[in-house]
Amino acid sequence: MAHIIVDAAEEILDKEFPVLDHGFVRLVDYNGGDSRIVQSARISYGEGTKSYRQDKGLINYLMRNDHTSPFEMVNFTFHLKMPIFVARQLVRHRTAKMNEISGRYSVMSDEVYRPDRQHINKQSDSNKQGRAEVVDDELASQVMDGFTKDKELIFEQYNSMLDSGIARELARIDLPLSLYTEMYWSMDLRNLFHFLKLRLDPHAQYEIREFANTILDIVEKVCPIATEAFREHNLNATNFSLTETDAIKAMINGEECPLKGRAKEIFEEKLN
Amino acid sequence: MAHIIVDAAEEILDKEFPVLDHGFVRLVDYNGGDSRIVQSARISYGEGTKSYRQDKGLINYLMRNDHTSPFEMVNFTFHLKMPIFVARQLVRHRTAKMNEISGRYSVMSDEVYRPDRQHINKQSDSNKQGRAEVVDDELASQVMDGFTKDKELIFEQYNSMLDSGIARELARIDLPLSLYTEMYWSMDLRNLFHFLKLRLDPHAQYEIREFANTILDIVEKVCPIATEAFREHNLNATNFSLTETDAIKAMINGEECPLKGRAKEIFEEKLN
Amino acid sequence: MAHIIVDAAEEILDKEFPVLDHGFVRLVDYNGGDSRIVQSARISYGEGTKSYRQDKGLINYLMRNDHTSPFEMVNFTFHLKMPIFVARQLVRHRTAKMNEISGRYSVMSDEVYRPDRQHINKQSDSNKQGRAEVVDDELASQVMDGFTKDKELIFEQYNSMLDSGIARELARIDLPLSLYTEMYWSMDLRNLFHFLKLRLDPHAQYEIREFANTILDIVEKVCPIATEAFREHNLNATNFSLTETDAIKAMINGEECPLKGRAKEIFEEKLN
Amino acid sequence: MAHIIVDAAEEILDKEFPVLDHGFVRLVDYNGGDSRIVQSARISYGEGTKSYRQDKGLINYLMRNDHTSPFEMVNFTFHLKMPIFVARQLVRHRTAKMNEISGRYSVMSDEVYRPDRQHINKQSDSNKQGRAEVVDDELASQVMDGFTKDKELIFEQYNSMLDSGIARELARIDLPLSLYTEMYWSMDLRNLFHFLKLRLDPHAQYEIREFANTILDIVEKVCPIATEAFREHNLNATNFSLTETDAIKAMINGEECPLKGRAKEIFEEKLN
């Protein structure tokens, strides 16, 4: 028993996986794996059931029935480097433990996030929090130039204040949200899956989705069975409301979709 | 029983208490008060003990002995407006519930924090995270000018991007950490006292201490007895290590302080 | 703003709603209501959107899209009296704050849970954690007699130990799991909905479901819109796995159900 | 970096350390160690400070100043076997993750806790929750006989109900609080220290103190430096209230103790 070593995880342990222009995700450590989930669950069911279920069946059963506590027995510790505006979304997941670099102690380097050309988009009209189509070349250039000017001025001021001996905690207050920060970030698998569900959603901001995707890949190395169950029963599953479930029953019986208007649109999005 | 109405709290409910140049703390709601703490504690002790203790005695007993669960039964909901760099310290207190304005949905106004003249300080040498003496007028003016230039350029770029139809979630990435944000922030009294203990500490950054001070004043209106107990047994109490406690015993017996070097310095700071 | 008073909730505030033979649920206090959810959500979306959504639409939107943080701004404090074996299930919901009567401080009265005649069931074969059919009269009488003998002996010993001056914390160690306990129990609405989802499930033990049902009724008085949304999008909604969702699409198109065996059974249970 | 292997911890990993008559504590896994605390803290302080502090100095600094987040980066998973009345105290520490054997799934064996002869005590008069002197032989024998009769009857009824096919979740309701239960129990070091502080206190019940002592020994194997710092600055440290700290100053200056009555008693207990 004791330490659970997962070969595929050992291979990627401590490696930096690049995300965006200067960021990365690095798995610092993990604790447990699919077999820890099974061990933990079996303590609830006692000795007798051990021979009746295969690990995979049990993990799928747990996932399907929201028996979440065994997934809390697997821990991940990541080293993340990400823009502050992404870190501010990350930190909303309050079950994570975290140590972040502090601009009070440290001089911040001038690394800021700059979107790739194909990720400079128009504001979406339909989705108040989203992006629409990629902008044309002229506008893209203007945006890039603007970003460049911001950075030049801000870091000139910042460094000038530091040179004059101004307190770091004060000199840093105009640093931009695009500034890269670093942190140790630790979460258990249950809460990590919840995080991934929300931050892999197409409505999440592109930049945090990139981090979530890399984290998912790493989690899959450590817990391949649980991650497969997560994809099947949660990430790629669909929650149909009571009304929608009734509509499904009617439609399977050959009836027309009884929903109308916006409700019908939402339902059809779920089905497609 | 039911709703506990505290007169002194009703008077300040919903009022904005200004903090820093554009910020505020507003008590949106509270739930419980000193008498809820007593009620909750008494459920643990059963009927019989009711007549033996006065409320104040019981609350002091609970505070002194780390019986924290009754303090968790009182809730506070605040509306806060604060610079993002302060909010980033606040959010580290993971027991708070929170809803914050989102730069993905909303156009951010150009309110940024600018320190008063007397809060522009040199970097402390002894304290890596702190401020030393106030800077001279010339340097202060340079800093102020720098801040002004930052703000002009950054918001010009931001507004220009919005005018061009760039997605809000993208246009905002160079906004500064000094930008004011707003949030609903809710915590129970036990965790609020823990927050206050840490953020009223002289090593906490001046700007968050200002918010903590205002929050403490409001908490005192709602729970005057518990707050008095907090000041006496926690905020203004001193934790002496095993070695320091032994030193105290020796010194009370008329002996010399047995501590040396840095240990002695720390001890003397605690005593003075 | 400030305190939100919900008339229907005021009527039931502080009333004991009986559950099982000696238990009850009493709403001690609440903080917020549907309008607090809306207020909190709107802080995220900023001023501009206020006129575009009705409260009900917004609450349903939040529920449907797992925007859970505004539901965390509503708090409930209950006074519960329940058997210890039920309390041991309740306490697994770790987001609740709690003060429970202590058998170290208080002499416990001899109130124990005894199931009604129609809730004495056989062990289920198909469901390892469940009950099957009601037992016949003869067996029921034996069970009842057994329970009576247990209680007589146990409390005779308990009281005899107390009379001899044995420490309460020791005398109580053989008291039964059926003993009634009391507690203050406080939770926010988001976590309360999660609790209700799990403990209203037909696989939850009958006795805790009875408490959950009463709690749901009370929550509905305080937050009728949110509770309706919870029923529609969560409690009575169905989560279909990726494979099941594909099956639904096929069947709506007139194809046979592509699932087989146990997977098909689970799917059909969800549909019926 | 990656996995941190602590030799002294490897030696005890997976071993059962007996506690009370049938219980045990077993370290299933750990994640991190003293060096993880240091690593995590240094991410906050940035590269530059690395050479200035030794690990031990840094860990003591963190402990002394309530910089708790780096201690959250070390995880422990225990397998515990303990009486239910102890487990009910344990579960109040809500930061622990837990999987416990369920009497709904499993037939419970008839192992119950019976105190050693020297731990059968009278009720304390001064301490409402405590034990006083050990009882005489005659009374001890009566208590033991009473416990024996309880157990015989209760398990006879339990087994008879199971033989008759009564549902396990129902048959178990009169099982005693002294029954042994088992669980996986996982906590980070920061919260474990908090648990230990409270449950090693002389006012905690003897039986849970026994578990806490064994857990402390195990934690010390994994994190010897942090545990030493915990003993010095927390477990064996003393919190003196504002008034008491003023009294200390006066007394060090050769004055009489200015405190009177109960306040003086409490102060003198702290000093001795």
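Worth a mention:
A, B, C and D are the chain letters, set down in written order, and residue numbers restart from 1 in every chain.
To be clear about the criterion, a contact is a pair of C-beta atoms (placed from the backbone, for glycine too) under 8 Å apart; a residue touches a chain by one contact, two chains touch by 3 or more.
No experiment lies behind these values; they were computed from the predicted model shown.
With contact taken as defined at the outset, chain B and chain C are each touched by A, D. Two chain pairs, B-D and A-D, are weighed by contacting C-beta pairs, with A-D ahead. When you average the Cα atoms of each chain and compare centres, the chain farthest from chain A turns out to be D.
Between the Cα centres of chain C and chain D there is a gap of 29 Å. Look at where the CA atoms of chain B average out and do the same for chain D: the two points lie 31 Å apart.
Between the CA-based centres of chain A and chain D the separation comes to 35 Å, rounded to the whole angstrom. Multi-chain contact residues of chain B (touching two or more other chains) are listed as 45, 49, 69, 92, 98, 102, 105, 128. Residues of chain C that touch chain A in their complex: 45, 49, 64-66, 69, 92, 128, 197-198, 203, 231-234, 236-245, 248-249, 251-252, 254, 266, 271. Listed in rising order, the residues of chain D touching chain C in the complex are 83-85, 88, 91-92, 94-95, 98, 102-105, 112-113, 115, 119-124, 128-132, 135, 139, 142-143, 146-147, 149-151, 153-154, 157, 160-161, 164-170, 172-178, 205. Looking at the complex, you find that chain D touches chain A at residues 1-4, 13-14, 28-32, 36, 39-41, 43-49, 69-70, 72-73, 75, 77, 79, 97-102, 105-107, 182-184, 186, 188.
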